[in-house]
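As written, the chains take the letters A, B, C and D, and residue 1 is the first residue of each chain.
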Amino acid sequence: MKRQYGFYVELERCIKCWSCEVACKAWKGIDAGTVSLRRVIEITSGEFPAVKRTFLSMSCMHCEKPACEAVCPTGAISKRPEDGVVVVDQTKCIGCRYCFFACPFGVPQYDKTMQKCDMCLDRLAEGKEPACVATCPTRALHFGTMEELSKIAQEKVAKRLAGSTQPSVLVSK
Amino acid sequence: MSEETGFINRKFSRRTFLKATGALGAAVALSGAHDTLLQKNVAKAAAAAPAEEKLIPTFCAMCGPSAGCGILAKVVDGKFVGIEPMPECPLNNGKNCPKAHAAPQWVYSPERLKYPMKRVGKKGEGKFQRITWDEAIKLIADKLLELKAKYGPESLGTVSPARRSYSEYIYRFLMTHGSPNYGHSGICAVQRMFVLSYTVGAVPSADWANADLILLWGKQPIYSGSSKGGVQSFLAAKERGAKIIAIKPTVESDVAKSDIWVPLRPGTDAALGLAMINVIINEKLYDAKFVEEWCYGFDQLKAHIQQYPPEWAEPITGVPAEQIKTVARMYATTPKAAIDVSNGPEHARAANDAIRCIGILMAITGHLDKKGCNVWPSASTMPSPRGVHLFDRYTQEWVDKLLGYELPPQFQPFIEGTSCSLYRLWNSVLGGEKYPVRAIIAPGSQSVASTRGTKRILQALEKLEFFVIVDVTRTSDMPWADVVIPVCTMYETDHPFEVSGNWIMARNRVIEPLGDYKSDYEFWLDLGTACGYGADWWNGDIKAHMDWRLEPLGMTYEELRTKYPRGRKYDPKPPEYEQYAKRFAAKSTRIDKGPYLPQGKVALYNTLFEAAGFTPMPVWRELPEGPTATPELLEKYPLLMSDYHTSRTYNAAWLRHVPYLREIEPYPYLQIHPDTAKARGINDGDWVKVESPHGWIKMKAQYYPGIRPDVVFALHGWWQGCKELGFEDFPLGDGGANTNNMYTTDPEKMYDPIITAMTSQTLVQVTKI
Amino acid sequence: MAKQYGFWIEIDRCVECYACEVACKAEHNVDLGIKWRRVTNVWSGSFPNVTFKTISLSCMHCEKPACEAVCPTGAIKKQPDTGAVTVDQTKCIGCHYCFFACPFGVPQYGKSGAMEKCNLCVERLAKGQEPKCVSTCPGNALHFGTMEELSKMAQEKAAKKLAASTQPSVIVSK
Amino acid sequence: MTDLRMTRRTFLKATGALGTVAAVGVGGRRLLQSQPLAKALAAQAEEVKIIPTYCHGCAATAVNCAVLVHVKDGKMVRIEGNPDAGNNWGVGSTSLCAKAHTAVQYEYSPNRILYPMKRTGAKGEGKFVRITWEEAMSTIVSKLKEAKEKYGPESYCHLVSEFYPPRDQVARRFLNLYGTPNYCECCLCHGPRYLAATVTIGFCSESTDDWNNSKLIVNWGSNCENSAVNQGQPHALLNAIANGVKYVDIRPMMDPLASKADQWIPIRPGTDCALALAILNVIIGEGLYDADFVRDWCYGFDRLAEHVKQYTPEWAAPITGIPADVIANLAREMATTKPMVIKTGNGVGDQQRDGTSAMAAICLIEAITGNLDVPGGNYAGDNMPSMIPLRNFMVETLLDRLPSDAYDKLLAPSYPRFLQKMPQVISPVGFHTPQSASYKVLEAVLTGKPYTPRVISAQQTSVLSQLRNPKMVSEALKKVDFFFVMDQYWSPAVDYADIVLPACSLYEHGHNSFFLGVKNRPDGTWIGMRNKVVEPMGESRSDWEFWLDLGARMGFAADMWGGDIERFMQEQLEPAGIKLEDLRNSPRGIFVKRTEPLPPREYRRYAQLFKNLPHGKVQCYNELIGGKPDADETGTLPYMPEYKGPPEGIAQTPDLAKEYPLIFSDVHAYRLDQHSSYTGLPYLRELQPYPWVKINPETAKKYGIGNGEWMKVESPHGWVKMVAEYFEGIPPDVLMSKRGWWQKCDELGLPGYSCLDGGSEVNVLYNGDREKFDKCSCQMAKQTLVRISKL
């Protein structure tokens, strides 16, 4: 049965505490100063005092039709049917960086060969969540099948609509 | 989007890269006369003797009307070899387009004219004899004075394309000589400036930095100078999230990045404009308060426009009525919406009507002189250098003496002084006008390649008594010249200065002139003095002239050069908005200096045009030949053809001889939709015959998915070969590649009745050769 | 630690103006008929819903260059300090084997017959200048830097789009 | 909403749907994604041991997050959150903060002190030679004995950081046995704010249990997204916001949580007292207070009403930088939106010249609006009896062994002497008395007033980066007769020590303060063991072992468990009937279920909360401390909160502002380090490589300072070199930085910076004059004026 796991970041709950970024490097034993397979990014807009700050934790999106897989000249990149994780075969990768051109999100990193998030397949095998999701102190970062994730998102929006405190106005779409 | 993953599909990487290389490989006939460095090995270059390298701040000169981009010209051992960025110039912020980088090949091209010549062979034979600069000047001056005595000063005419930095010197010479006959090609800029001035009182520009919606109407920012502000402001607006609607017949890169493409047929902009006004008025989307307070003739317009609903415009423009409504509604209801109109609509019989519609659209929606809409230029604290145009000497008699009007006499002179259509100037030589001109000077203009009716121009060239060419490289009508005057390229002269917004910089000489010639400006100073008008021409003293021009800025030309090597920046004044009273009271350039807008309001209903015998409100005028204009011709000539004015690598009729540019666009291409071509058995790259009711040319078919299946497009101005790549010249008339052979020369159909803009649409058949 | 420089073409900003192609040729006096950097369009869709994207491509300066691996005379070397893959023309015998191996068809053969291609403008890098194509790109679409810098830039641009597009959906209108 | 996390985990494990997965970099740097993961995992499984303990993230201060450490071949490899303990939001939470994940780098850092050493060069020169523990301990013992005989026990002062568990059990007990009252507090964190609240409304609660009943949460100076990311507060606040609770944030910078507030109030640092007084002015002036509560439970309200008339919003606006109308509307909203809770933090009552008054005024705002101990208000917390009763050595520190005149011998009381003699008023756990102020103790070394400290020790603290005026501190450390230090890392103060002792990291000893490690919750109480994860580095010993050993050597063995740490720990567990061995052998800790259900939550327990206050009421007019001698005993404490403002400020010293136009302050906590340490840990230093100062881009551009460029920051007291970090979320006339950039990071080749002028220690900038400190709790103001220039 084809299953697609994925991440979901609730922008409103992320406070850029960098825990996911450091947990990912620590769990995979990556040296500081080299690659970052998950990065926390801030978008600031407006000027003092009307400032808007949005925080976003970003790693590989494990696309349904990965642009990196499509352009890889040596077939080093493949998408696993059983969980939808996009993985890189290090022995085939020649470090041509063409996948970087293709990726709309600038995810591929290079330490000789292409490095990127593999959804912590080792932890998944032990029934654990990826290291970044497990450590997120504000539960902004979620993991699961796309059905599970959409359920979380819809529940959140519905709750806000019902609104336990203020009576909310129904928005006409 | 196609089902392939995103934009790069697996097929792309290896095969298409090869395909593109292959197409060029065969064509390269590597002729011997090749002086580029063979070995490209870096180590080898470093090992050579350390070259003495200089970087000279100056201006690129490779393209048209507006000022050149700032560059650092790299000179190695006295040879101009390349350019580096000069970020100080606000026009291009250190960026440069492909033409700028190909400048050395243009400067050192074998096609350069190196010394003055006088004709010794028969007219059109192309035999010349070298003479000195002074001999040539004297020869021209004597002839002009002789013709002036015999036939009056008005026997002299000049031909010029769009506005150049030396255009004002031509007006001045004509004024000092006594002739009103300045021939303008009528295919760029002046036409829309005239119509907008008489509709909204000025030429308000689109406020790209603040608009949320921009209509890119008939504009080619990538073709007409990709390094200038156009591209940078387009991309900045996109990244800011602004919506862009592209109204153009073909898909260039800017259309591909726009949100909506309005694929109208060339020459039908007026129909689209009228239909949009119809929608906005009938659906009450106009700004009633602004219309009531600042527009004249709304009721008349409202009645007049009922005949032009979107359903009427659909068969003419080819744009679905629904899309016309959507675009009209979006423009009217978006508070910050602007229209950036350029050359596209100026090539049609209804050119004035199209531009009037655009002015009216801006006015009735209130999108005028507001942040994010079309705004007036903000003033600068920089005192403006003196102009050369003797504007105050124009009189009514002067206007009446004009041979043939480009703009109606009641509105002469306009910003270019008294101007007559270039075609009428040549027509007078064949006796077709009030009186014939006897002498024509062509500074940087190739009439045979750039105006309609090539055959008639060639006949006139045969008959013209005295023809002078002033240019940097060989031109298409040089064989018929009596005197050829070479002039410096802008890399060989240290004047004039360039102004870009609030910044001014002196031009610096990169290399010494390669032959016996001076600059354009020195030519006019010398000729003016030789003709006895020295008092008006600083007696030929270029230095005194330049200092005179800079006097308002309180410094001499040398001080500008030495004190401000990278240009001097003045602070802009903060922009002012909604200054309607002042804006609509603007004085015109007419003899009586009356306001453009007699009512002090936007002319929805134009009383001045009405008094001059023209339609007070914009109307629809059919194409000379077109699917709805002449359906009877469709059977023999099924496709609608038009042409571009300029491209990424060429300007009008120039630069085909520059190898690095010719490599990119090696052939005169006919853009044709793949299905249309396949239906005729034409493959991508085949040579085809393109025939209209007026002439025929040979072009290479280029499969172009981003075009209407019933339309084909080409670039105008093809005549020149390129020795380094082994390309020969093309014939100028039928059988060549000059699109000007294809269009009508029937005076009733070839012009816009008010602004003499020349139409560039016809019906053609395309067959494989 | 060896630096690995690279290019990044930001498709959304490239306007197919060919400035990078001609600038590169002028800077290195490249023969006519061949190109070290090439601009190519990829069309998609059909009239009237048709559009195209433009890619400016030169040598990728791979980590394990296929051309270097097959070159019989060792003429192709990957420079340790900048990661640039350069050609020693005196050793190249013009056998075209590298052309067969390269997944991107990058190798070109000019009048000298020896292989030539983009050299990452190492001589300009030595003078602290950007590669010529990058310095002139009017659309600011062609970027150059270490892979880490480029990746940060790309991610920030993607994030900006995500943040701007979603406008965290607050259903309750306050 | 069911806890999705639990169901998915069991679901994944049950279905085993994952098949073979790509191997992951085990210890190795690169990702071996090609080898089948199963094989690699199996190999990994046998060697890796999982050891439960507590995280080092908040360093020695708090003991909060239970963790599982992966050890392979005796070497720490990785760390994870322990789902059984109930960290952050409760059972099942595996979350940790960024600092936790540096466990491996923290343990094996090249900055570790490995052996006892004694100084050979001059004080501060940093020349040392290795010695044995025996020689080190005997030197310390002889010095302590000599000092006691010649100058009296009070001549020995022990410096320590806040919350360090050994200090309140074995260290405090040793000092009492030795006879010195001079247990020295840094007066930087929690203590001063806790005192101000307790003397005004009788308690100081940080409970978030009742937030979901609140209608308005006001975060006033609390920086919990930096100081306590994983301790439940950010998560609780985000839940409240998601549930529609209105959230207002009063802080100088728009920190991440402030960016999610409905309203951000960018107040100038050090002016919170002015704002609080102006809010009281509006609430009382417009009669918006809870008349019933005021009548029944407030003392001296009328005098307060009169007192605050002078503090109008128009008066407060130029001081705070907040427009008068914004102040007035805020006051009305805080008074009328019920229930409201104010979450205070270090930014408000801990490092300001009028911090005590600021905190008192804020407590009074909560009181007179009837928000004390009400559902959704300032809830004083559940009284849930623990199912694991422990012997609390934090209280049994043999206080009676001190000489009778100990309190009078106190060198520099960190809060008024008369209050220190009333421990029953200040709850037994919250404040241990007697205690002196570290800064004033060091000053006494130079002045000899009231007397000269002869022996000083420092443990788990870096005084040169903790206290103001590092120049004075370094002079004092040079002059003192004998200075010994015990720490994990080589901080700048260690250069001045006579004897240096290597301290174990928190993963190298299994010694516990069980009291702090217990997690009490509605369904029962959980206790976990701090286990020894790896062998100590070099010859390092645990701080507990040091005090027990020192106690025995000084003849107090009988009262120090004979130096036997096991006995000390076993005695703590006796009341709960738990054997130390049983706890060590239960990796998932011990959970004792509650026998009978908890009584429903009680509110408005005013009689009990105010019992220690005069008249048993909230002190609007404070007769507990009003008119009594202040900490310096040079003046008396005010009856009502009074505004003083920062020592140097735009509004306070306008002429000085002509030369030094910008306000400067620093954040107390930052989520990438523990106060002044941890800038040596590569994963954290990578994210903040250089000493940053946040500056508004417009301000920086005026001085031609680009983003990321070095700049000079100079105050009337000293100057530092910092890197400008453009930040829109800060007022144009304010600069904010962080203290503690002394630790180098060899792995990234980044230096440590000096703590003196020309370095990057913000403390050199602040005013060191004790007259400009808070008179009640010796808070040292961290606000000054600076001028900046491009470097």
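Worth pointing out:
As a working rule, contacts are C-beta pairs under 8 Å (C-beta built on N, C-alpha and C of every residue); 3 or more make two chains touch, one makes a residue touch a chain.
Keep in mind the model is a prediction, meaning the values are calculated, not measured.
In this assembly, D is the chain whose CA centroid lies farthest from the centroid of subunit B. By number of C-beta pairs in contact, A-D leads when A-C and A-D are compared. Between the CA-based centres of subunit C and subunit D the separation comes to 52 Å, rounded to the whole angstrom.
Subunit A and subunit C, compared by their mean Cα positions, are separated by 28 Å. We define each chain's centre as the mean of its Cα atoms; on that basis subunit A and subunit D are separated by 33 Å.
For subunit D, the set of residues that touch two or more other chains comprises 244. Looking at subunit C, residues 55, 103-104, 164, 172 sit in touch with two or more other chains.
Among the residues of subunit A, those in touch with two or more other chains are 12, 33, 54, 73, 98, 101, 104, 112-113, 160, 163, 166, 168.
Residues 1, 4, 6, 8-9, 55, 60, 62-66, 103-104, 147-148, 150-160, 162-164, 166, 168-173 of subunit C touch subunit A in their complex.
Listing the residues of subunit A that touch subunit D in their complex gives 3, 12-13, 15-19, 21-23, 25-34, 44, 46-49, 51-55, 82-83, 85, 87-91, 111-113, 115, 118, 120-122, 124-129, 131, 134-140, 142-144, 148, 152, 155-156, 159-160, 163-166, 168. Of all residues in subunit C, only 11-19, 21-23, 25-35, 38, 40, 42-48, 50-55, 57, 86-90, 103-106, 108, 110-112, 114, 116, 119, 122-123, 135-140, 164 touch subunit B in the complex they form.
Considering their complex, residues 1-2, 4, 7-9, 12-14, 16-18, 20-21, 24-25, 27-28, 30, 34, 36-46, 81-85, 92, 94-102, 104, 222, 226-227, 231-232, 234-235, 238, 241, 251-257, 261, 263, 648-649, 659-661, 663-664, 673, 705-709, 724-725 of subunit B touch subunit C. The touching residues of subunit A, when paired with subunit C in their complex, are 11-12, 33, 35, 39, 41, 43, 54, 56, 58, 73-74, 94-98, 100-101, 103-110, 112-113, 157, 160-161, 163, 166, 168-169, 171.
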